[in-house]
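One chain, chain A, links the two complexes that follow: it is found with chain B in the first and with chain C in the second.
Let's look at the complex of A and B:
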């Protein structure tokens, strides 16, 4: 066997030290080109969205009454809408609204799902039965009808109410995933071992079960972010989402309900449509990438 | 407390599982005791209720269907059966601790060794974090892991099976427990490592001065470790005595059969001795009579009609068999 020089040994030792499941997953993720490109795109969109007040060419409420429905060019890079507002400005501010709603809803949904799913899975028995029947109950709400009713009642409350309504109706699927993963994990002997050294149920869930369920939760959360943005867009499109004064991608798309706009004024709806498509696509690629990275069987 | 008083006393323990509304007893009427600093081995085939018995002591039975129906488990005179979870948590890991069969699965794969070891001390002491870490490293040294400082930063998958079992032992002795329950601690390890681990348990037992309740199906382990032996069959204690009498003067047909199934160096044989048949499952357990009757070479007609009772045949030697029951006609004449 060839003798190893000091440098190689040092390298190997360094590599051996970085053996935590997280660092392994990170290394795998960094090798996944599609996921990295998608991640860069998402970060770019996010940064642009939150810098909108500084980089947008116009004020989002600035109305140029003389230049309505202008095609791109001539002072307005992407043209103007039928109220004479700058499309590029709306796109940037809309990104901020859509992403904010998406992120907040995602965190709320994941939070509820973790609490309900892990308690249900860990305790089992009647606790599980009660919580899961409650989950079924919420899951079977007619989502659209319910949201339209609530959105009409809390019309004045604006985005906050929308976030709450979406969150309390969307956690069910994720909670079930967390529960089933917890059920599978708690059969492992290390859970019993953790109890046998005097761990309280709360501690065992938090310190032992959640880190093992975390990989699934992260993948779920990523995919949920995409779903949340889609829900916001869809609701705004049919006019029950973000109040019409606030720019959002869904609100911009809702202009396209007019057949005339679809046929002749492509610059009004193509930009938000592309923005939505590419953002959702990149989030999904990131989700798939994370899933692969955490999967010990994937060879990438 | 005098040295002869029992540290752990199990009286008529019945542990059952509820399946489809019926209760099936995996442990039925088990009684024995463990004295301080003593090694008691519980032996029996798979499915004899050994593990359920040990989980009952720690109150770790599956919550949804496992239950202690009757009997008491006295630890220093305190009945563990009646304790609630909060009181039990103070005992688990501190006074009584446990080593599991599979060191591969008994450590959490996503947490470092150090994190998991520290947890025992965090649960039961008010020491500072740095002191706890120091103590964890010194515990690792005590169980023969010299690179403790590095190991605490590593993950379970970076260690061998023997190393992991050493870590488990280090965790179990962190609070200097009075009683260590080891549920087949060497089954998953290869033979040379087995010997090392058993040696380690003996050494630690001396240092800490704890009693060990060792659950095993390996009579080789029993011969090496035990002071006293409890033989279990189908949820019952069938024989209990000190280790020498079990090996040289076994009385219950089941114990005898177990002993003859050990392969011996000096014999040359094609086929190993086995006990024919299997342990009856919980659902097929005979309702009356001896539970070993179908497999017993000495079975008599009465055996399937009368429940044999555990009785002393001589001081410190009890057997559950009609052959040794003076009140029955089938009693063996040559019994001393």
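Let's look at the complex of A and C:
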């Protein structure tokens, strides 16, 4: 009997060990069909985007002068644009540009938000007051207007400058969220214990506070990725984003600023339009799935 | 409340000054002469440029230039537009009514649609109607405004011919007549709808969830128990409570409309402030760009102030600091 009891206890212990917050969240997420379909879609788009040089039917700079504005069909699966470039090829290379910029901006923004938010929340007092007034100040800019004006000033500087401009204006909301979470988490006894045994502020923030704020940061990051992709495509669409020679979803759509293209050459702008919309939609669903998965109150 | 409002309004002034400094720095970084718009950007002769710079005081120390610019700004003098050959203030005055019409119409459409859809979905949750509204919501939240604008033009203007695809008023109508106003509203409807799509979706979602949550509360059960008709419960008891939070977001709506209008006006070639901003950047008409940037910054600031004040009205806890 004793051995049986031990086995049962062991089993129970194993089961209990599996129930970390992360594994509970993972299980909940896997059960969420919409989120999993969206995640698969996003992964598929990302893989296709980065495999573009191998799977694209043409070179992105290849111009077929004889076949400009071809509707979908012969030789060109999705047709050609005004310059005679293959739409499918541009779509694949465009995905690479748009997703890369989206991801880099997202990481930059989350990085700034973590630094400002956690320092502000951990120290409190005048540090918090100064940093939050600064955040309020940046928040009061008309976001899109400033991005457009700045992007037009640094137009010649290329994609790097674009990423910097987008990132330095987008971190305020996320920083506020990180701050309020840190502020709440700081009140717990384990933080006091960590400080009292001589943990340096940097170590306490990194080892104790950040892991507990992480779930919030992940949800924020997902939503930010969607926002960043929208900003890049919108900027490129009106001509202040990615340099016009580089294929990107926004650049492909900028041809649709001509009403004639909207009316008669739908194959030029509808593919990137659908690509953008479905990518954002899937990111939003993933974000909601993650939020639900980490929420102990949700039973899904 | 009075003390809270005064404090909030006083905080605005230092922020206003800091914003003006940032905008001034942008002006210095812009091509041409963004402060007065006197240098012709087409003329690249270095002697001409140097002479004009000296004459306009662009070689003065930065703080002197800032002071001179601010003195102009408080007197509504933003210099001249090199492209349109007129004062920037007059130029903006010409375009501003269009943008205001667009914003007001967009807000009205947003509130009406969100009210109808949110009320229906909240009262009939987990039905086909609710799921369809939710589906539309998710799509509206995901689709970027310029993509939505293109689809709206493609479907409503070109396929069905219901609305004009561009411009802010038809040609050949005399200003002031009834036809003029009808044509104006007709041109404004589609951009206003697109501009309000995102807010409509989030308000619908909010109203739906709030109505569902409220319908479980004690005061609703009490109302039911004393025999209040179901219609009256939803219209009087629940809806009144659910609408209040949305009203407080009015200030933030102003801020989000400002950003959205720039893109939407550009796609529809709608002759408003946003379209003027983009076309002025493209034509290097820097004085106009700086004037609009400053104006939209102030409008955003006022929008955020309004949001804070409305919050204070609704939630007394916020007033205490």
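Keep in mind that, in the parts below, the second predicted complex is superposed on the first by the 285 of 300 C-alpha atoms of A that agree within 3 Å, B and C clash if a C-alpha of one lies under 4 Å from a C-alpha of the other, contacts with A are read in each partner's own complex, and residues count from 1 in each chain.
Note that in this section contacts are C-beta pairs under 8 Å (C-beta built on N, C-alpha and C of every residue); 3 or more make two chains touch, one makes a residue touch a chain.
Since the model is a prediction, treat every value here as computed from it, not as a measurement.
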item	value
When chain B and chain C are modelled together on chain A, clash or fit	fit
Degrees between the directions from chain A toward chain B and toward chain C, using C-alpha centres, nearest 10	100
Partner chain(s) touched by A:105 [first = chain B, second = chain C, both, neither]	neither
Touching partner for A:20 - first (chain B), second (chain C), both, neither	first
First (chain B), second (chain C), both or neither touched by A:259	second
Contact breadth on chain A, by residue count: chain C or chain B	C
First, second, both or neither for A:197, with chain B first and chain C second	first
First (chain B), second (chain C), both or neither touched by A:88	neither
Contacts of A:224 with chain B and chain C, given as first, second, both or neither	neither
Chain B versus chain C as contact partner of A:52, first or second or both or neither	neither
Which of chain B and chain C A:211 touches, first, second, both or neither	first
Nearest Cα pair across chain B and chain C, whole Å	10
For the chain B and chain A complex, residues of the former touching the latter	58, 60, 63-64, 85-86, 89-94, 97-98, 100-102, 105-112, 119-120, 123-124, 153-155, 157-158, 168, 171-172
Sites on chain C touched by chain A in the complex	15, 18-19, 22, 26, 29-30, 138-139, 141-147, 150-151, 153-154, 158, 165-166, 255, 258-260, 262-263, 266-267, 277-278, 281-282, 289, 292-293, 296-297, 299-301, 304
Residue numbers on chain A that touch chain C, as the complex places them	136-137, 139-146, 148-150, 152-153, 226, 230, 233-234, 237-240, 253, 256-257, 259, 262-263, 266, 269, 273, 276-277, 280-281, 284-285
Residues of chain A defined as touching chain B within the complex	16-17, 19-21, 123-125, 188-190, 192-201, 203, 207-208, 211-212, 214
